[in-house]
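Some structures to go through are shown next.
In the two assemblies presented below, chain A is common to both, partnered first by chain B and then by chain C.
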Partner chain A sequence: MTNGVLVDIPKCVGCDSCSVACKLWNELEWDPQEKSKTATDRAKEPNNGLWPEEWTSINRYDLQKDGSSVWRYVKTQCFHCEDPACASSCFSKAFQKLPEGPVIYDQSLCVGCRYCMMACPFDILRYEWKKAIPGVRKCQMCATRVANDMEPACTSVCPTGAIIFGDREQLLAEAKKRIKENGYVDRVFGEREAGGTSWLYISDTPFEQMRFRTDVTTMPLPSYTEGYMKATPFVGVGWAAILAGLYIFNNKGKEPLD
Partner chain B sequence: MESKTGKVKNLSRRSFLKFFGGASLAGVSLNLAGCGQPITAEKAVGGNGWMPTQYNEPGSWPTNVRGRVPIDPANPSIIRDDQKCILCGQCIEVCEKIQSVFGNYELPIKSEIVCVNCGQCIQWCPSGAISERDDINKVLKAIADPNITVVVQTAPATRIGLGEEFGMPIGTNVQGKQVAALRKLGFDVIFDTNFTADLTIMEEGTELVKRVKGELHHPTPQFTSCCPGWVKFVEYFYPDLIPNLSTAKSPQQMEGTLMKTYYAEKQNVDPKKIFSVAIMPCTAKKFECQRPEMTSARKELNDSNVTPDVDVVLTTKELARMIKRAGIDFTSLPDDEYDQLMGTGTGAGAIFGTTGGVMEAAARSAYYLITGQQPPASLWELTPVRGMEGVKEAAVNIPGFGSVKVAVISGLANARKVMDQIRAGNAPWVFIEVMACPGGCQYGGGQPRASSPPSDEVRNRRAASLYKIDTNAKLRNSHDNPQIKQVYADFLTAPMSEKAEELLHTHYISRAEALVAKKSERNLY
Partner chain C sequence: MELVTTFVNRTGEKLSSVKWKFRMTPMRWVFTGIAAVAIAVILVRFVLGLGATTNLNDQWPWGLWISFDVLLGVALAGGGYGVALIVYVLRRDKFYPIARSAMLTSLLGYIVVVLGLLIEVGQWHNFWRPYVSWGHASVLFEVFWCISCYTLIQVLEFCEVATEKVFKGAHKYLKKAMPVMLIIGITLPTLHQSSLGQLFYLFVGKVNPLWWSAFLPLFFLLSSFFVGAGMIIIESTLAGKALNHKIDISVLRGLARISGGAMILYLILKITDMVVRGTFANVFAFDLPSILFLSELVLGVIIPIIIAFSSLSSTRKGLIWFAVLNVSGVILNRFDVLFTGMGKHINQYGGHYFPAWTEVIVSLGLVSIACLAYLFIAENFNILEHKGSKVDDYTVTEKLPYATTAK
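Showing the complex of A and B:
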């Protein structure tokens, strides 16, 4: 069983409780400049409102629906891929997908190469450029809470039930039910995107208009390289064996050097 | 140097391979010994902070109180500092349960964050994260400009709240000190909103009599319209009952209009150079003064350079901050008098500041308007409408007219119940007073925070102070106010005259489009 979170975008009222909960639970710093930005500002930011001390951001999109203008708030954070590209790209194994769902990051193992940031299909990871010993920052899906059978901080505080935590399979079924009942867009974003993600989104307005990366592959990203990267140890050992053999063959009967 | 270089050992091929072979073996054995184990949840960054206990339950059990109310960053009345928020959920409690705003509209939202601007969330917020929008600098700028006449009015309830900010007992009447402080701060003219409270009674009372007699094509019961939070609530949730709202403006807006018309004319001041400030116990007043309808002076004078009738509203707390910043020793100030023309109010005007006060004041003057006689002493102490109960009822006997049933409501959840009853055609009342905040203006969103959470004890003490002002007043009926008589004689002719209609009455807009009202009694989302 793996956990997930279902984000019902039309149910969000933009209270920002979740991002405050994230700040509280993870002891993330406040920045006066970032604090003055509104949900509308953040929606237009190149970084989507995410920075090393902001692991989740509520962004407001002013859209048109049935001829009238509507506001939709979108919670952004790490999607927690089922088969995460960040973890597969990390040669020091600082990233790990936990069986409970969260994709976590251990800074003590990180060498700071930022391959993970290149690998992430959703551009979620942020690097602590301003720190002397920088690390990579992103939502950890409150790994210790989830591992101890609690829900993540953000979902625990949502007053409208716009974000709910639970078993991914059950949430997926619930999402499909809600799509049918409420006439939402017929797509669960995260069901198959990047091979499936723990966070699932449903909406009554097109995902394209809310800065979702809708053209992302449905293949798990590590699967692109898995085929040949798997051969690396065999190639390495094979080459070593061949070279060693050649050496022995060439030096047969000769006096050792030195 | 030479000796050192001489000691350098040549690294042989064999020892090089030995070294790396050894290091690899050590690495492999460390790995096998468990050093390369997958990282666990505890190793993840973050997660060392704190959350209120209600959120630290196993599983995803329902929580009694969750999260906080949404506040639009563009809200004219209320702002929130996210850094101070602890997600205790008190704002949600008051907004949903006491004021019945949050959670009473369907999701998804449209393009507005529904808010009646009452500011009760400010009073309930334990960490001071929510506060009124600070407009002090706008006022300081106007005061600093020698070409601008800054005219200020003070609401009935600020005088019994302001002292608390300076350590005085709850409900202390600091009317004289408040005027003295305003003068020291540099306000040019200081008027009393109690005057327009009396004027409101004349207009609203006349309107009520006309409604009851069927001279107006407006339905009964008539609702009071002094409370901008209540008015916005009707516009959001009961647009079909808008015709029941009295068209009379609130005292604040009447005073603002008269500052730029009546006062400007009498004192020969250029209305374009009048900056009108209102000191209010209320955050919704900040919204009210920005309503596009509230520009009667501009329309009347046909001059687009005249600013809105009330330029800036400051809450009691903001005034206290201004006084503290200016270094004025408030408690030792000698009492000062309001400026005249619009600076005299009756006891009836003073009790506008508490729940039931408008009703009591209206009863006294309605009696006079109908019978032409002074009201009996029993109307000077209309006890059924006093006190902190959410819904109060009374019957007022008016000779030749019979018994008039009235209701007094404070707190919007209470209003919702009564409104649903009216919608069902089940309303015996003729006149209904509604104040959005429980207890009325004296516990409004702009009033000082008591040391304890919002409680009826504080409300009762503040109300008692207002009733004391009324009891000690020389004049206790709005219609006896000499300045009211003067304004009608010199300027407005009569209650609900054409000019009075133009300047002192307004209209309302349906805000039903902004939301989908929740139909059933379903709780939460």
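Showing the complex of A and C:
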């Protein structure tokens, strides 16, 4: 069974409890530069308010709905793709998708090339630029809690039930039920995006107005380079054989070059 | 500056010594100066980290060092495997006189790339991880293995040259291994040159459709091959001035034509790509990406093709124009794929990157170190005048009063 989290955007009141729980559980440092920003500021930041020590952030959008203005709070963090681009892009296997759902990172294997950061379809990964020995930082979906049948820190403290943890298939069914009942936008963001993600979002306001990458591919990203990598050894050996043949043929009966 | 190292042979009686020389000219002092500043910046980078020495950020985790030192460095060093293919495998003996200098440039290019990478990655002490922790689904895994193995092969190939002067006992073994090293040394770059293009194929929907294509590996491979001629012409012109050595114009023209052939293939593929993906509207939108894309093709490919196959390439001046346009086209292409290609996506919510002076000076410093190394090797080993094996004439056998002396 693979786990997921369902985010019901209209239910979120922007209390930031999830961010605080995340900081406490993961022992992330408090940085005044990060925390002086309001939820509205963070929604306009290039980094969505995600910093190396800030794995999740609440972004506030002032939107129009049925002629009246509404506030919508969007919790951002790693989407935990079903088939993650970061894991396939890593040449030293520092990223791993756990069967329980979380995509985790191990700094001891990381070389620091940052190909994962470029590859991430949602531009979620952050780097410790200020450190001499830096690592990549992102939400780990509280992998140690999830492995021990607990829910992630953030969902455990949500007072409104805007984020709920559970089996991904069941959450998906629940999401579709809520879309019908509440007249939401007919799309579960994360169902097929980037080949499917563990985190699922539903909303009553258009996703593209809340910085969701709605045009993202629905193919799993690793599938774009899979065939190439599988063919490479054969192309290499074949090409070397052709070169060896040409070398022998062209050097026949000729003075060798030195 | 001249240095004589003397080896006392086993009996301790007869002395043989090897001369090393390096003449400092104003230009070489400039190179040394830039290299010194660069080394200082590199030390600061290792102590304080990437944030203190670069403008890289979470939106732009790749910047000048990746695009210039790695993408471009590898592409411009492509002349080495190209010439090895033409001379040793296809036996076009006409190009033999440039083989050694082209392969030396390539070797130094790759050493710069490897050094650049060590400075660029965050946890440089972990560089060996992919050798044991195989992330074989990653295109970068292939690039990493091929670049590191190919650099080693090139060092061994150079040892074949170096052992004409020092450690002569090893020469005959290296010479025997040359055919194998040459074949591996052409296979590996073919693989990683194309893989560098394939790296960007993973950034689905983030790269401007002008540069994002299933043909990326072929584009990168072909352009690294055809830029070889341009690099050799520029290099031989500069080295010719510095070291008083001129390459026969017919050799350079022949190279330009081989390169021109590859460029025609490249152009056909580019046009096919536009037709298949229907990007003509983007190509002729005449916004910044479209103008850069068109200049890549018109100035960097079409005009060089015209020069190569017309009487314009019969003069040195024409060939230099060919080379400068061709090389600039490839430089523009590599920068475009990363910066112009990804700029719109990355900057959509206010991302920003412009290289810091420290990034620029490190890149220039690495190139300066390569230039100094080239000049030193070209002056002390049989590189430029190489036409065939000859008894080396470096050894002076005379009685010297001391073992090592600097004049």
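Assume the second predicted complex is superposed on the first by the 232 of 258 C-alpha atoms of A that agree within 3 Å, B and C clash if a C-alpha of one lies under 4 Å from a C-alpha of the other, contacts with A are read in each partner's own complex, and residues count from 1 in each chain.
To be clear about the criterion, contacts are C-beta pairs under 8 Å (C-beta built on N, C-alpha and C of every residue); 3 or more make two chains touch, one makes a residue touch a chain.
Predicted, not measured: the structure shown is a model, and the values here were computed from it.
J.: Looking at A:S156, would you say it contacts chain B, chain C, both, or neither? Reply first, second, both or neither.
T.: A:S156 sits against chain B, while chain C stays out of touch.
J.: Regarding the shared-chain residue A:N251, is it in contact with chain B (first), chain C (second), both, or neither?
T.: Only chain C is touched by A:N251; chain B is not.
J.: Quick one: is A:F91 in contact with chain B, with chain C, with both, or with neither? Answer first, second, both or neither.
T.: Touch status of A:F91: second partner only.
J.: In the superposed arrangement, does A:F79 touch chain B (first), chain C (second), both or neither?
T.: neither
J.: Scan A:W199 for contacts with chain B and chain C and give back first, second, both or neither.
T.: Neither chain B nor chain C is touched by A:W199.
J.: So, does A:W239 touch the first partner chain B, the second partner chain C, both, or neither?
T.: second
J.: Looking at the overlay, what does A:L109 touch: chain B (first), chain C (second), both, or neither?
T.: Both partners, chain B and chain C.
J.: Just chain B (first), just chain C (second), both, or neither: which does A:G135 touch?
T.: both
J.: For A:F207, decide between first (touching chain B), second (touching chain C), both and neither.
T.: neither
J.: Do any residues of chain A touch both chain B and chain C, and if so, which are they?
T.: 93-94, 107-109, 135, 257-258
J.: Any idea which chain A residues touch chain C in the complex?
T.: 44-48, 50, 85, 87-94, 107-115, 117-119, 121, 123, 125-135, 211, 213, 215-217, 219, 221-222, 224-226, 228-229, 232, 235-236, 239-240, 243-244, 246-247, 250-251, 254, 257-258
J.: Which stretch or stretches of chain A touch chain B in the complex?
T.: 10-11, 13-21, 23-28, 30, 35, 38-39, 55, 62, 68-72, 93-94, 96, 98, 100, 102, 104-109, 135, 137, 140, 142-151, 153, 155-161, 164-166, 204, 257-258
J.: Any idea which chain C residues touch chain A in the complex?
T.: By the definition above, chain C touches chain A via 46-52, 56-59, 61-62, 85, 87-91, 93, 96, 120-127, 129-130, 133-144, 175, 179, 182-184, 186-187, 190-191, 195, 198-199, 201-206, 217, 346, 349-352, 388-389.
J.: Looking at the complex, which residues from chain B come into contact with chain A?
T.: Contacts found on chain B: 12-14, 36, 38-51, 55-60, 63, 66-71, 73, 82-83, 85-87, 89, 92, 102, 107-113, 525.
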